[in-house]
Amino acid sequence: MDNMSFLPTILVFIGILCLSTLSLIVPKKGKYISYGLTIVNYVIFLYSINQQMDLSLTNLFVVNSLGTKILSITTIFAIIVTVINGYQELKDVRNSLITSFVFLGAIFLVGATEFITFYVSLELMSLMTYALVRLSGLEFSKEAAVKYFIQGSINSVIFLLALAFFYGATGGFEFKGFTILNQQLYSFSIGLFLIVVLFKIGSFPFHSWVPDVYSNVHKGVLASNFLISKFVIGFIMITLVQNLISECEPHVQNMMVSIIIGVSIISAFYGNILGLAQNQFKRMIAYSSVAHSGYMLMTIGLNINQGYEKQLIFYLMFYSISATAVILCINFFLDIDKNKDTYDGLKGGFYKNHLMGTLLCICVLSLAGIPLTSGFATKYLLFTNYFKEGLIGPALALLVSSIVGIGYYIKVVISLFMEEKPENYVPVQAGAISIENRLLLTFMGVVVILGGVLPSLFINF
Amino acid sequence: MSELYLKIIPLFPLLAFLTNGLILKSNAKNSLAGFISFLGTFISFIFVCLLYPYVKETPVTASLWQWMQFSNFTFEVKFLMDNLSIILSIMVTGIGSLITLFAIGYMDHDERPGKFFSYLSLFIFSMLLLTLSENLLVLFFGWEGVGLCSYLLIGFWYTDLDKAKAGRKAFVANRVGDLGVVLGIVGYAMVFHSISFVDLKAVSMETVLANKEMLTLSSLFLVLGATGKSAQIPLYIWLPDAMSGPTPVSALIHAATMVTAGVFMLCRISFVITHLSVVLEVIAWIGSVTALMAAIVAVTQSDIKKVLAYSTVSQIGFMIAACGVGAFSSGMFHVFTHAFFKALLFLGAGAVIHCLHHEQDMFKMGGLKKKMPKTYWCFVVALLSIAGVPLFSGFFSKDEIMWMAFNKAGTGQYIFAILLTAATLTAFYMTRLVCLTFLSKDKTHHDPHHPIHDAPPIMIIPLAILSICSIGVGYLGMPHFMSHENARAFQLFVEKAVSGPKPIVYDEHTEHLLMGLTIGLTFISMFLAYFMYVKNEESKLADKFKFNLRKVWNLSNNKFFVDEVYFAIIIKPIKNFAGFLVNIVEKYVIDGAVRTIGILSFQSSVFLKSVRGVELQSNIFFMIMGLTIIVTILFSALMVK
Amino acid sequence: MAIDILLTVICSIFALVVVISSNPMVSAFSLLTMFVAMAGIFFQLGSTFISAIQVLVYAGAIAILFIFVLMLLNIDDYKKHLSRNNVKPIVGIVSAMVLLGVFSIIITNNFDYLSKDQLPQTNMMDLFKELFEKYLVPFELATMLLLASVVTVVSMLKKSLGNNEDGDQA
Amino acid sequence: MENLVLFQFFFPLLAAISFYISPLNKKKSQILALVASIIYLLLTFNLVNSVASQHGLSTLTNLITFKIDNFFGLTYAIGIDGLSGVLITLNALLLLIVVISTLNVETTKFKLYYFSIFSLSWAVNGSLLTENLYAFYIFWEAMLIPLFILVGVFGGDERKYASYKFFIYTAAGSIIMLGAMMYMSSLSYVMNGSYDLTPVIIKSLNLPFAGFFSPQSLIFCAFCLALFIKVPVFPFHSWLPDAHVQAPTAGSIILAGVLLKLGIYGLLRFVIPVYPQAVFAYKEVIITLGAIGVVYGALTAIAQEDVKKVVAFSSISHMGYIVAGIFSFNEMAVNGAIFQMVSHGITTGGLFIAVHCLYVRRHTKMISEYGGVAKVMPVFAVAFFIMLLGSMAVPLTNGFVGEFLIIWGIYEVHPVLGFVCALGVILAPVYLLTTFQKVMLGPITNPKNETLTDISKTEMISFLILAFLILLFGVYPKILSDVYSGIIPSLITKV
Amino acid sequence: MIIYYYLAAFLFCLGLVGALTKKNLISILLCIELMLSAVNLFFVLFSKTTGNIDSQIQVFFIITVAAAEAAIGISIIVSLFKKINTTESDEVSIQSE
């Protein structure tokens, strides 16, 4: 009999999820019920996964201890996303609900040990994300959704092709403990799979959806993108492809590693250089995410036996928190769900609200990797790995690209502290930021700082 | 006891400086500030005199504090009073007191007497630091200190931009010399592992010759320093400009004391350089050529202070030349005598200028003999001294130098000839100065309300004292033919502390011949000057000379165009180079490189932004291209094996 | 063997028509035909179940959905963009041909491995057993996916779910 | 002792945060700042004193080590020796000077202002007290932010450009250093199972040296690049004039006073003791750069039209001395260089305050706008002149001691470069006295200058403190050199 | 049987070309479906090669997901059509500042 220890938890989760979906139908009070249920759902889930040693449904679905940790973090992140979405309007709650489905996909992605579950959960996450983008209702949301959808579909076809070859080469879908029947087909499939990974984490040259999507979605969607999709998919995909590559023949492996190094360096430079000329925050953040994908991509090239997962999680976690916090802070200064998010709205922002200005400053600097913020500690750990594995030149190239990156992060600080409002400036409506969002932001800011000063608090979770 | 005296000697001028500078209100009375300053200097003078009996027996040293300490070297702030420094100390404090007294009268209308006298006291303090120094470091303290005071005092009337500039010029020129001093000190320390004069005095000839190259270089550096401070070629250019300071300052700093510091330093290192023939040769030529050149320039100047300035340069040239021929003690003797008569000349000129309301052009003076008789007679004493008329102090010292030069092996005769010409010219231009100022026709501007008369007693008394000294001090170092017992008494006293001249074969006949020649030329040129400027004033004899020798005259009047040449070959290139550095190198190369990187990355950003496809089709295109490229690369790896 | 070649040719031709035709409607119908031919290939390969759902879901549902939408949107201005002097498609075609070459060489290289036939006929019972025992988790997840799709598609089209259609962006 | 250290270590940060969150008005904030900086100076003095009496200052005394468990063996260790002792005292002193001298600044953003200067001070203090490279780097970079804000918010017209340039330039340098650091961290992890990098550990890595492209050489160059940018050494200085000219006085004083010294401190602490072969191989190149810097800085200062730029380029010149002195590895030169670090902080601080006094009165820093100011501001003229004396290295002022010893040391080791360095002695009065003359002397040509008021009491106090130190260190330099001279023998024997 | 491998590869590449060159969003979707069926063909073929029916289950899932995907995709495209009144892919562009 299979160990089904995860079954009650997941059933309860799905049950409450359905309940909260249904409760939207309740007139007037529906959104509050749904909102409450969603949060309660996450809390119960968080509680119950931490009660058990291991979580499994069948012998093909096992969440190990590391997975449990990732799920815990993701759950907290999901709560954050829900809080960010809020409950003022029905569509906010609806977005939270769809995010719940994304989260559901994430759960299965973490626990999957074979590609079929992996595929379905990945598709669940992507489809829900397309819908979220479509539902954002900004000026170009629909275009962005179409673009994202078409590119995503092509990508999922490539993924399936990779799966087909993988299957052809191993005779099964398990990605742990398989035997390779045909090395050439296997290598080919892994090559294709690598492309899928590059697309999912938004590396060059598969990055074109990133700026379009990021600049045309609600802050909540962006938050769920950073906190859930990017975090989970980034981690799972990178470690998975790292595992798969290690099974290849050495010369193929070397070639793959050099491709990855090349792509990651180009991504880092491309993202950082393009970030310089952006006038919109969300686009700037998007290109910064392209650059960051380059930074973390190189982990694929590392030796899997050394166990660099912790560093990667640490890095992704704080990257997601910082990026989300930046988005939220900017939303305080100008309602990015309604306005063009140009730098003008930010000018002299620090003097409007010291707390928000400081938090924005901290989080942007964390993205830039300036010490005393977690961005530095995480980058330090991640990059030290590269040095340790002998990828000295590439790691240096990444570092050099991050110099370019500082150039645009610091522009935010300049706008915040040093600019005066232009004379003919029409004031934009500042985003209403609820009290719980303020608390949340403060919490995130403190975490970002703590992660930089005492990283052991977090890396030792 | 003697140590204590030594330690407190410089204290009084310092106290006077602090009192005048910090405590005294800026609008305090001139006489009060002057009196404080005078008191500071005079008490020092008394202590120096008190120290004399001790020093006569044996040099006194006093260690004050450790400046810095290293594992193999210790810098100490330490004083030394020996036969050399006591002479200079007496000179500094004595003449300093007199000039301070004079300045009380001279500066009676100034707005900031407190400041003036505090600077003056600071100068005395620095000068004492220089003279009392036991090692080259402390000497350098004083050395730069006096340079600083010189800067402050030259530019004392700073609202006149030219005066401020003159001060800066003096400081910078001195700094060039100071560079030499620093490097020289280091060089000496590298060889001797000590910078103490006591140790330098004890060096053996073998040590010196073993490190000949290093020591020659270092000594030449020190000579450079000496030329800076003592206004010799090539750094003398600041001294004539320095005359824009108040006249007492010119008298004290730029005639009597500070400018002789170079000679003092050469005396201090005499035990080393006396073994270095190249250095001596260089010194001798620098001194003699400067003496001649400055004398030539002095002949044609019309500003009374400029004439005196060039005369100072010329006279110091004599002293330096003396050092160059190995007769350090003779050089010191000339320093001593020169201090008195040159101070007298300057103070006299100061009195004249003061009474003529800051008129300095000699051609606008004349006939002052009747209006300012006391000043006139003081001036005449000084003239006779400097011109080298027998029985006056200048005669003794100058003649000694020329005799020593003549006896120098090798180039001695040439140097003698140059010095002789310079001495002749000196007699001429000094007589010219006296004639134009006092004896010629009255060309002064008459102001019935302020008739021209002699200066007040507080200015005249110092003049009188200095006149007596100008006559008297010469007898301290009489030549052989005057007194066999006391011959060269002064020099022998000094030679306990400095290197003595090489023994010469005494040839009385030659000496008398040369002396006769010198005296004869002196009288001829004095008479010529009198003849030109007084007797034939109406017939414009001087102008005829001027016209016939106009090329030489122009050269002389324009100071051989040295300032212009320096400007063209040193100052202007440096300024242009600095401009080039700022406007080209800094802007386009160093900063430009940085900016270019910035601009390039931003422009590439803009470019990439523009080529990035915005429509769906190009996004798909990029995807497919990426797919193809990666797959192809991978495929090649698969196939190659 | 002959029927294999025939099916291949039919598939290829209709697939080409899908791509070449500038009229979406023609493309859609060609695709439909190709789907049916594909079902034939599946049948030929012994996967009867797949063949069936290929016809039912793909041809019967998805392709028809496209055709409906095309008719609904009434797209007829496709002729506008017939001539394009854009370099991108050409580069794209070339790169696709390169890809095709890569595929072909890989297939040819592994000719022996790929031409093995270890499963002449698929047993339907085995298939369902696999599906409901081994792959129960993805199966249930797929139901969740469908549920979620329903929810989102509804919320995309229904105003009451907070989607102020057309007036989205002020 | 531990409590004292911790209190001293965190005091400026606490002060900074309390400014940030306190509801005090400007007047009270100023008083608080004054009190806090005095307390901080006393604390620092007390710390250095007590360490000196208990352990001596000739070797690095570890005071506290925080071990960050499970963070790959990284620790934060606080330690102090003569060098850091001198520099933290200088830092605290300059903080006090800054607070006093800028009481007359008109700004409504005083909270941000005091927050910036105190947190800057904290970061400087932190980087001077840490023994680990990681912690050093953290503080090293962290100090960019407050200074960035100081320059960018409170600076002149071009402040955005200047602060941007300054930030990117210095961050770029430090990121290169970070690369080298990470490389060594990874080596250390392989060897010891810990990322921790202290000079001892770096030394034990035994990085090979063979030619330019060997690890030790490259790491050395990376460190030097970052540290030289901060110092700044010719030709990496082009951020400095802009930053100085645009920075407010507080920024300028702290920047010139202590921040530039951190580059030298990094060299002395983390570079020179640990890369002996590389240091040996490149020292002549570096002395040459230093010497070029001396002359270049001085020459460019001559042709400047902005008072602050003159001071900025004079800084480049003076820092050239220090670098050349350090790399001559002569006892006197190293001693002089460290002395010069302190004295340059004091004199340049004084010069900036002088410029500040002019600026608050006339709101311009162009030399051509002034002339004859001494007539209306006689007391100021004296104060300014004393600061100039220190900068010109006139004997019996502090500037002389350092430059004299440095020239001495370099001349002993390398006469030609010693001579080149000594040229700076000639050029210093050229630009400083020219500036002084153009600003202060001559007749008053600009009618706006006729009504200037002489310096106030607060300005007077800061000048008095500085002038006292200038003369004290000039007359009796041993009082300062005794504090740090113990570290020098071990430093120069390592090469 | 091996001919089907080539067919699948051909169809896939054809789909890619179509996705790139087609100017109508619906047509692009059609091409993606074309690629999907090529992939399906691969799966079925590989299941014969390896003698393992897992891949046919995957085909089942692919078809299920494709249906959902088509539904969501179509609804997105329809809502875009309502906004810009065309389904030309050239019109799907996002201007940024």
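Letters A, B, C, D and E name the chains as they come in the text, with residue numbers starting at 1 for each one.
The rule is simple: a contact is a pair of C-beta atoms (placed from the backbone, for glycine too) under 8 Å apart; a residue touches a chain by one contact, two chains touch by 3 or more.
No experiment lies behind these values; they were computed from the predicted model shown.
Novice: Hey, how far apart are subunit D and subunit E in touch steps, shortest way?
Specialist: When the steps are counted carefully, the minimum from subunit D to subunit E is 2.
Novice: Through how few touching steps can subunit C be joined to subunit D?
Specialist: So the least number of steps between the two chains is 2.
Novice: Which chain pair shares more contacting C-beta pairs: C-E, or B-C?
Specialist: When the contacts at C-E and B-C are counted, C-E has more.
Novice: If you average the Cα atoms of each chain, whose average lands nearest the overall Cα average?
Specialist: D
Novice: CA centre of subunit B versus CA centre of subunit D: separation in Å?
Specialist: Chain centres of subunit B and subunit D, defined by C-alpha means, are spaced 37 Å apart.
Novice: What whole-number Å value describes the gap between the mean CA coordinates of subunit B and subunit E?
Specialist: It comes to 96 Å between the two C-alpha centres.
Novice: How many angstrom between the C-alpha centroids of subunit E and subunit A?
Specialist: 26
Novice: State, to the nearest whole Å, the distance from the C-alpha centre of subunit A to the C-alpha centre of subunit B.
Specialist: Those two chain centres are 78 Å apart.
Novice: Could you list which residues of subunit A touch at least two other chains?
Specialist: Expected reply: 116, 119-120, 123, 127, 131, 134, 142, 146-147, 150, 154, 168, 181, 184, 188, 212, 278, 407.
Novice: In subunit B, which residues are in touch with two or more of the other chains?
Specialist: 598, 616-618, 620-621, 624-625, 627, 631, 635, 638
Novice: Which residues of subunit E are in contact with two or more other chains?
Specialist: 12, 15-16, 19-20, 23, 25, 28-29, 45, 47, 49-52, 54, 57, 61, 65, 68, 72, 75-77, 79, 83, 89-90, 92-96
Novice: Which chain pairs here would you call touching?
Specialist: A-B, A-C, A-D, A-E, B-C, B-D, B-E, C-E
Novice: Spell out the residues on subunit A that touch subunit E in their complex, using ranges where they run on.
Specialist: These residues of subunit A touch subunit E: 115-116, 119-120, 123, 127, 130-131, 134, 140, 142-147, 149-150, 153-154, 156-157, 160-161, 163-165, 167-168, 171-173, 181, 211-212, 215-216, 278-280, 283, 340, 342.
Novice: Looking at the complex, which residues from subunit B come into contact with subunit E?
Specialist: Residues 614-617, 620-621, 624, 627 of subunit B touch subunit E in their complex.
Novice: Per the contact definition, I'd like the list of subunit C residues that touch subunit A in the complex.
Specialist: Touch list, subunit C to subunit A: 106, 109-110, 113-114, 134-138, 141-142, 144-145, 147-149, 151-153, 155-156, 160-164, 168-170.
Novice: Spell out the part of subunit C that touches subunit B in their complex, as residue ranges.
Specialist: 88, 91-92, 95-96, 98-99, 102, 105-106
Novice: Can you tell me which positions in subunit A touch subunit C when the two form their complex?
Specialist: Residues in contact with subunit C: 14, 18, 21, 24, 57-58, 60-61, 89-94, 97-98, 101, 104-105, 108, 116-117, 119-121, 123-124, 127-128, 131, 134-135, 137-139, 141-142, 168, 181-182, 184-185, 188, 338.
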